[in-house]
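Below, subunit A partners subunit B and then partners subunit C, in two separate complexes.
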Partner chain A sequence: MIAAALSIARVKFVLEIRRREVIFAMLLFIAATIVIVHFALSGDAGAGNRAAAGMLWAAVVFTAVLGLQRTFAAEQEEGALDALLLAPIDRAAIWIGAALAQFGFLIVVQLVAVPIWWLLFFQNGGPSLPTVLIALVLADLGIALVGTLAAALALGARTRDVLLPVLVLPLVIPIVLAGVTATYGAFGEEVGGLRPLGFLALYDLVFVALAWGTSEHLLGD
Partner chain B sequence: MLPPEVTLTECSKRFGERLALRKANLTIAAGETIVLLGPNGAGKSTLLRLAAGLLRPTAGSARINGVDATSAPRNLRAGMAYAGHRSQLYRGLTARENLELHARLHGQPDIDVLALLEQAGLGDRAEERIDGFSRGMLQRLALVRATAHHPVLLLLDEPASGLDADGRALLDQTLRAGLGIRTQVIASHDHDLPTRLAVRTIRLAAGSIA
Partner chain C sequence: MIARPATMIPLILSSILIPLTLAMAFWWTAEDIDQGLSQKIFYFHVPIALTSYVAFGFGAVSAAMYLWRRTEVWDLRSYVGVHSGTIFGTLVLLTGPIWAKASWGVWWNWGDRQINVFLILFLYYCAYFMLRFSLDEGERRRTASAVFALLGVGLIPLSFLAVRIAETLIHPTVFSSSGAAMPNSFLLTFLVGFAGMLSLMALLISVELRGKRTAARVLELQRAARGEDA
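Showing the complex of A and B:
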């Protein structure tokens, strides 16, 4: 199953390298959001670290939703999803492959976005970077897992562009809370420590198990 | 792998208000080839997708060797192929990459995809992305993809649409090669096809088997 999932993820990366449909839009969105919020808060000295932490996580989540809208777009163009569903593979492999691709897209986007965020908000020293990066990786995994599951749920709906954010955003609220707590804690101003990171890891595990068990029924008619 | 029997029992499918297929009863014996004829909207595509397990019946059942088609296990799916109105290919990949993906997902990475493309008259287009292909070329590639893993159940939905004379010859050759060896169900507007293949015809009209 892992081989099939990797094959599907690889196809999605190849398509993205050739078409630049998803990552480019995500990059523009997250960079614009960070810059706009930076200028919006520039006159407010009291906004400080908490605002910077909060805006990073809000930008990450909304950027992820933008990418998730295209999760199965390539499979729908010419009906490739039918071929995947009929292939002798575990249907969870389709979901895992798509989630891995989304995870990769988020990582690529954040490789650009986090330095911008850092440069704009923390000229005089910021939070512990390893903590923030670990939180982001764990959160990206959770968002990709949950988002791909929701994208599969919304696949057959005519209003899937509206339905997807409605399904995803409530489910990722715990990720945002843990992410903000971990980031703010990484300033050393509050006790953050390992607890929010542990929560993010647990969240990922729960949704791996949930999606694994339901993907057979979610994908298909 | 032996060809399977496909059975639809009182099988109906409704899309919202529209009843696309009404209480269809049909048994396709193992190794039999049948041609579904009928006007547009008669229910041919719906019947094929039900038989493939890509749609769940609203009522009744669609079974392959007695197994519910929608929950066909992997070993049964390994011998199935369905080609519908769309090519089921990735438009951003080349012809070769599409067939290689299909081969990998079917656990047959050693399939000689270049030989298959040559056979389909697409050998010189192997490295081209298929979003530049004509309808007929996509149809040929879809046919090659569907048969690449030597399925024992082949479901084809209007496979001749968009094909030129060479493409039709390839299709006829593929279908003839499968006679008696695999179970084949072909939805078509070609009224001569059953005679050419000397096989049974099923006629559909307004969602019902005539």
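Showing the complex of A and C:
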């Protein structure tokens, strides 16, 4: 099952590297979102650490939703999904494979976006980097899991493109809450300590369990 | 129309208990020292909120039953549960700000844990309807709705935790809800109100279920009359 999931994730990655459909769009989108949120909040550099932390997380979440729009799209357009469903593999493998690919896209995007965010806002000392990075990785995992799940549910819906953000955003509000708390805590303020990171890990576990339990129903028949 | 016990009992109970709550709230319980008259909304707001959770819970349990048993009636029950949960949820989001304005002076208090969690959950279950109605009727729609309704069960405790963790950030809890040390008359009125709202929910659920079933039956008969396979 793990082998199947990994090979599905690899196929998606190779396809993405050849076609460059998603990651470029996500990169431009995350940059635009950071700029928009920055100007929306104040427009000058004095907005403070709280605003910078919020900007990062708002941008991360919206960018993830943009990327999720294309999950399963290639499979659906070219009929590969039917073949995958017929293949003698666990349905959970399809979902986990897609989630892993999504997780990979998010990491790639953040490898570019986080340094830029850092340069823009923290020339004179920023938050403790390990905390922010751990929070981002845990959150990316949760967003990828939950988002792929929602994308699977929305498969075949008439209004798929509008529907997906509506399904995903309420689910990731807890991630944003914990992520912002962790990031703000990384500035050395006394907020929450390690609890937000623990929470993000717990979130991932809960939704892995829930999705695993329902995965045989996920992708339709 | 034959009155069935599933409809009649909640109808009778709710039409007694809800007016009774009103009467008890205004003539029997004492006025709250801190909040005065505005505290009376507590006997409605809190029972409505709890009832809404019960309705969402009913929707989620029915969704699990659907995934297990695969019978259409559980799908209908799950839908109706989420639907009435959303109706009560709308009432919560209307009565909450009224109370907040009267006792804290603001329409919305972002520092209040309950209302924030409720807002997340309400947004989530509103999306349920978008999902359901953009899928074509059939097996796929029933399954997707059921899975989505079930995921809400994970979201409730996680939202509570997340809001608690972020509370240190949002702002410290200044207001504590009128909790543990209630006089007996307050508690009793609250319980009567809760029972009234629960029976109102049961009434809504049973009436809507009957409507849905009748509609399905009419469709079946129409098909039979046209000579198609029922």
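By definition in this document, the second predicted complex is superposed on the first by the 207 of 221 C-alpha atoms of A that agree within 3 Å, B and C clash if a C-alpha of one lies under 4 Å from a C-alpha of the other, contacts with A are read in each partner's own complex, and residues count from 1 in each chain.
One rule holds in what follows: a contact is a pair of C-beta atoms (placed from the backbone, for glycine too) under 8 Å apart; a residue touches a chain by one contact, two chains touch by 3 or more.
It should be emphasised that the depicted structure is a prediction, and the values quoted were computed from it without experimental measurement.
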item: Which of subunit B and subunit C A:203 touches, first, second, both or neither; value: second
item: Partner, of subunit C and subunit B, that touches more residues belonging to subunit A; value: C
item: Which superposed partner A:4 touches (first subunit B, second subunit C, both, neither); value: first
item: Which superposed partner A:154 touches (first subunit B, second subunit C, both, neither); value: second
item: Touching partner for A:174 - first (subunit B), second (subunit C), both, neither; value: second
item: Partner chain(s) touched by A:84 [first = subunit B, second = subunit C, both, neither]; value: first
item: Touching partner for A:14 - first (subunit B), second (subunit C), both, neither; value: first
item: Which of subunit B and subunit C A:128 touches, first, second, both or neither; value: neither
item: Subunit B and subunit C footprints on subunit A, overlapping residues; value: 220-221
item: Of subunit B, residues touching subunit A in the complex; value: 52-56, 70, 74-75, 77-78, 80-82, 84-93, 97, 101-102, 104-107, 129, 138, 145
item: Subunit A residues touching subunit C - in the complex, by the definition given at the top; value: 149, 153-154, 156-160, 163, 166-167, 169-171, 173-175, 177-178, 180-181, 184, 190-192, 195-196, 199, 202-203, 206-207, 210, 214, 217-218, 220-221
item: Of subunit C, residues touching subunit A in the complex; value: 67, 120-121, 123-124, 127, 130-131, 134-136, 139-140, 143-144, 146-148, 150-151, 153-155, 158-159, 161-163, 165-166, 168-169
item: Partner subunit B, residues of subunit A touching it in the complex; value: 3-4, 7, 11, 14-15, 18-19, 74-75, 77-80, 82-90, 220-221
